[in-house]
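Two complexes come next, and they have one chain in common, chain A, joined by chain B in the first and chain C in the second.
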Partner chain A sequence: MFLTFAILALAGALALLLQKNAIEAGLCMALSFLGVSGLFVLLGNPVAAALQIIVYAGAILILVLFVIMLLNSHEEEPAEVSRPIQRWGSVALVAVLGLGAFRLLNGSPALAELAAKPVTGASTNLHSLGDMLFSQHLLGFEVAGFLLLAAMIGAVALVKKNL
Partner chain B sequence: METLASLLHTSPATAWMAVKVLMAFGLIMGIAPPLTWAERRGSAMIQDRIGPNRAALFGKIRILGLVQALADGVKFFFKEDLVPPHANKRLFWLAPLLAFVPAMLGFAVIPMGRSFLSGGTEYHLSLLDPGNGMGMLFPMAVGAMAVYGILVAAWSSNNKWAILGGMRASAQMVSYEVGLSLAVIAIFMVTGGYDPHEIVKAQQGTFLGVLPNWYVFRQPFGFLVFFVCMFAEANRLPFDFAEGESEIVAGFHIEYGSMKFALIGLAEYGHILGASALITTMYLGGWGIPFVADHGQIPVIVTFLVFLTKVIALCLVFIWVRWTLPRFRYDQLMNLGWKKLLPISMANLLYFAYRMRG
Partner chain C sequence: MDLLSGTLQGYLLVAFLLFLIGLATVLLRRTLLLQFMGIELMLNAANVALLAFARWRGSDLQGTVFYLFIIAVAACEAAVGLALVIGLHRHRATTDADKASSLKQ
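Our next item is the complex of A and B:
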């Protein structure tokens, strides 16, 4: 099961990068989201899996696809001058970031806990998630909400000519 | 249950799962064709026409045109499967499946009848047993995926009407999901859980002495928002902007024919059924018989029939509304969604949150 969903997520992500067509790339991204939500279920967190699909695949990606359709430029444009340094730079950056993420994950206490006590069934539900958000992570939750509100007001201010 | 399992040489759990899958699938596939018939005859009745009545079995048995659905099915199978040359072939093939699968999946958590004990184990009439942690979030997630079918069909057809339809549909569905979720959250709060089994249980008994204890009476504004949003999510008139046959010909499925079109059509009726089942579970007491507080003695089949009756009645309401109301204009749709339904839904949520204060 893990392999199925992991391969689904990775293949979707890879196809997203290699795909020249913007809409098809977006659909590959949806595939990758599905894989990730499957992984969430395996980790005993079906709420996160459902939210992953509702929010990311169901709302954000749809809006992105909507804008792509609106712009009517579905094919990737070739660069005017090829810059090989960009390619090598990006490869190096990916390597460094990947290594850093790997180190960070490997050293996290949650992983050690998971190795000691594997999850069985659904261990997180909406109640426990809400409790956690509003007690342990209250500051982060409020800051994220504030940030989203600021972004929304900013977007409206940019678009509206006369407020 | 044990006898059935031993007949099939499997464990009772597996046998029961097979029965449930057959039941859910058979329910959708069994009701969708009669629904197309009900839609045509119903529309004809509303518009003072006769409707299809010519198709006949063996040239004799007409049964009020009910055979028309069968004739259509045969026709769909034998039509040439055309893919327009300018279309994106892969996605054009994929789109009907993307439309069809979510329409089928939505049923998975809906309890279709009372849970019962047999041989010491409890069996539930929903594909996913309660306590799976996904609960009512599952149909919402699946409903969110439904728009991909329309979007992919629209874009891959490479036709300007189709793309217009797809763009309208995507913006519409995302907008109406917001008000819908807030209405649903009010139900979660009052129930104290988000599992459909708990929601149905919470609606048994009487309310104010004279009404069934259904959420439609306890949260009328939430119901209003949910009901309207369900029409938008199912892409039915007055919100069928993806199709809009008088404006953009047939919208997202303009290039589709034969069995692919049939799949898209089935998906639409699947969505109507799914939406009816959701409304029934959330607001009309699910399989519960009105006024009855304890269902322990009532046979399982009766609860299933009660559920079925409510769902079919709601399906007929969907059809009735389609042939009664005209389509909205696009800006009216957005106004209604963001400036009316969303505030109502928020006020509903705040009111019930206020009543729950400790």
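Our next item is the complex of A and C:
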């Protein structure tokens, strides 16, 4: 099961990278998000999996597809100047980062020790999550709500022609 | 160590690969909307790593709480980012990041 969802997530992401058409890239991103939410179920976190589908595959993806259709920019515009140094520099940066991450993954003794421990604890349920959120992280919760309000007002102010 | 089964390292490997693909999307594609999708992919990779570590540290609920905060910020970023893309399209009639270069001159 892990392999299925991991391949789903990575294949969706890779297709997003290689896709020419913006709408199809958005649908590939939905595939990737569904794979990630499957991984969350396997991690014993059905709350996060449900939120992943509702917020990412539901709200954010629909917003992105809506903007693509609104702007009618399905295809990537042809480049005015080709920038080979930037392109190969980016590829090299990604490769070096990947190599470093892989070495970290294989060579860290603390990580191996943590991974060797058996998984304990029940899967997350909404009740205990709400308990923790409203007892220990109440301020953060309020700030997040305020941030959402500010983002909403900011988005309206940015696209409105005459306020 | 088996990376292909559901070990902690396996989840972290998926998170790293998702992050790198998202980074490559941001760096290599020129359309702002695709770059935006790459950013969402990177945020998702961080979520996978966060929840994997939370699971192996005794199913810590703090991980899920921080996941909630991350998606709240991601939703804000989606709203404001897409508003900026629409603003750019209104002024320049393009969604190409390379063409928004008037600060260079």
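Just so we're on the same page, the second predicted complex is superposed on the first by the 123 of 163 C-alpha atoms of A that agree within 3 Å, B and C clash if a C-alpha of one lies under 4 Å from a C-alpha of the other, contacts with A are read in each partner's own complex, and residues count from 1 in each chain.
By definition in this document, a residue touches a chain if its C-beta (ideal position, glycine included) is under 8 Å from a C-beta of that chain, and two chains touch if they have at least 3 such contacts.
None of these values were measured; they are calculated from a predicted model.
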- request: Using the touch criterion from the header, give the chain among chain B and chain C with more contacted residues in chain A.
  value: C
Query: For A:Leu31, is the partner it touches chain B (first), chain C (second), both, or none of the two (neither)?
result: neither
Message: Contacts for A:Leu51 in the overlay, against chain B (first) and chain C (second): which applies, first, second, both or neither?
response: both
Message: On the A-aligned overlay, A:His137 touches which partner chain: chain B = first, chain C = second, or both, or neither?
response: second
Partner chain(s) touched by A:Ala115 [first = chain B, second = chain C, both, neither]: second
Which superposed partner A:Leu39 touches (first chain B, second chain C, both, neither): second
Partner chain in contact with A:Leu3 - chain B first, chain C second, else both or neither: second
Message: Just to be sure I read the superposition right, which of the two partners does A:Leu147 touch: chain B = first, chain C = second, or both, or neither?
response: second
Task: Determine, under the contact definition given at the top, whether A:Met69 touches first (chain B), second (chain C), both, or neither.
output: first
Task: Return first, second, both or neither, reflecting whether A:Thr124 touches chain B, chain C, both chains, or no partner chain.
output: both
- prompt: Which residues form the common part of the chain A surface touched by chain B and by chain C?
  reply: 44-45, 47, 51, 59, 63, 70, 121-124
Message: Going by the contact rule set out above, which residues of chain A touch chain B in the complex?
response: 23-24, 27, 30, 44-47, 49-51, 53-54, 57-59, 62-63, 65-66, 69-70, 121-126
Message: Quick check on the complex: what are the chain B residues that touch chain A?
response: 88, 91, 131-135, 137-138, 140-141, 143-145, 147-148, 151-152, 155, 163, 166-167, 170-171, 173-174, 177, 181, 188, 194
Query: Once bound in the complex, which stretches of chain C touch chain A?
result: 1, 4-14, 16-18, 20-25, 27-31, 33-34, 36-38, 40-41, 44, 47-48, 51-62, 64-65, 67-69, 71-80, 82-87, 89, 94-96, 98-99
- request: Show which residues of chain A lie in contact with chain C when the two form their complex.
  value: 1-3, 6, 9-10, 13-14, 16-17, 22, 25-26, 29, 32-33, 36, 39-40, 42-45, 47-48, 51-52, 55-56, 59-60, 63-64, 67-68, 70-71, 73, 76-77, 79-81, 83, 86-87, 90-91, 93-94, 97-98, 101-102, 105-106, 111-112, 114-115, 117, 119-124, 128-129, 132-133, 136-137, 140, 144, 147-148, 150-152, 154-156, 158-159
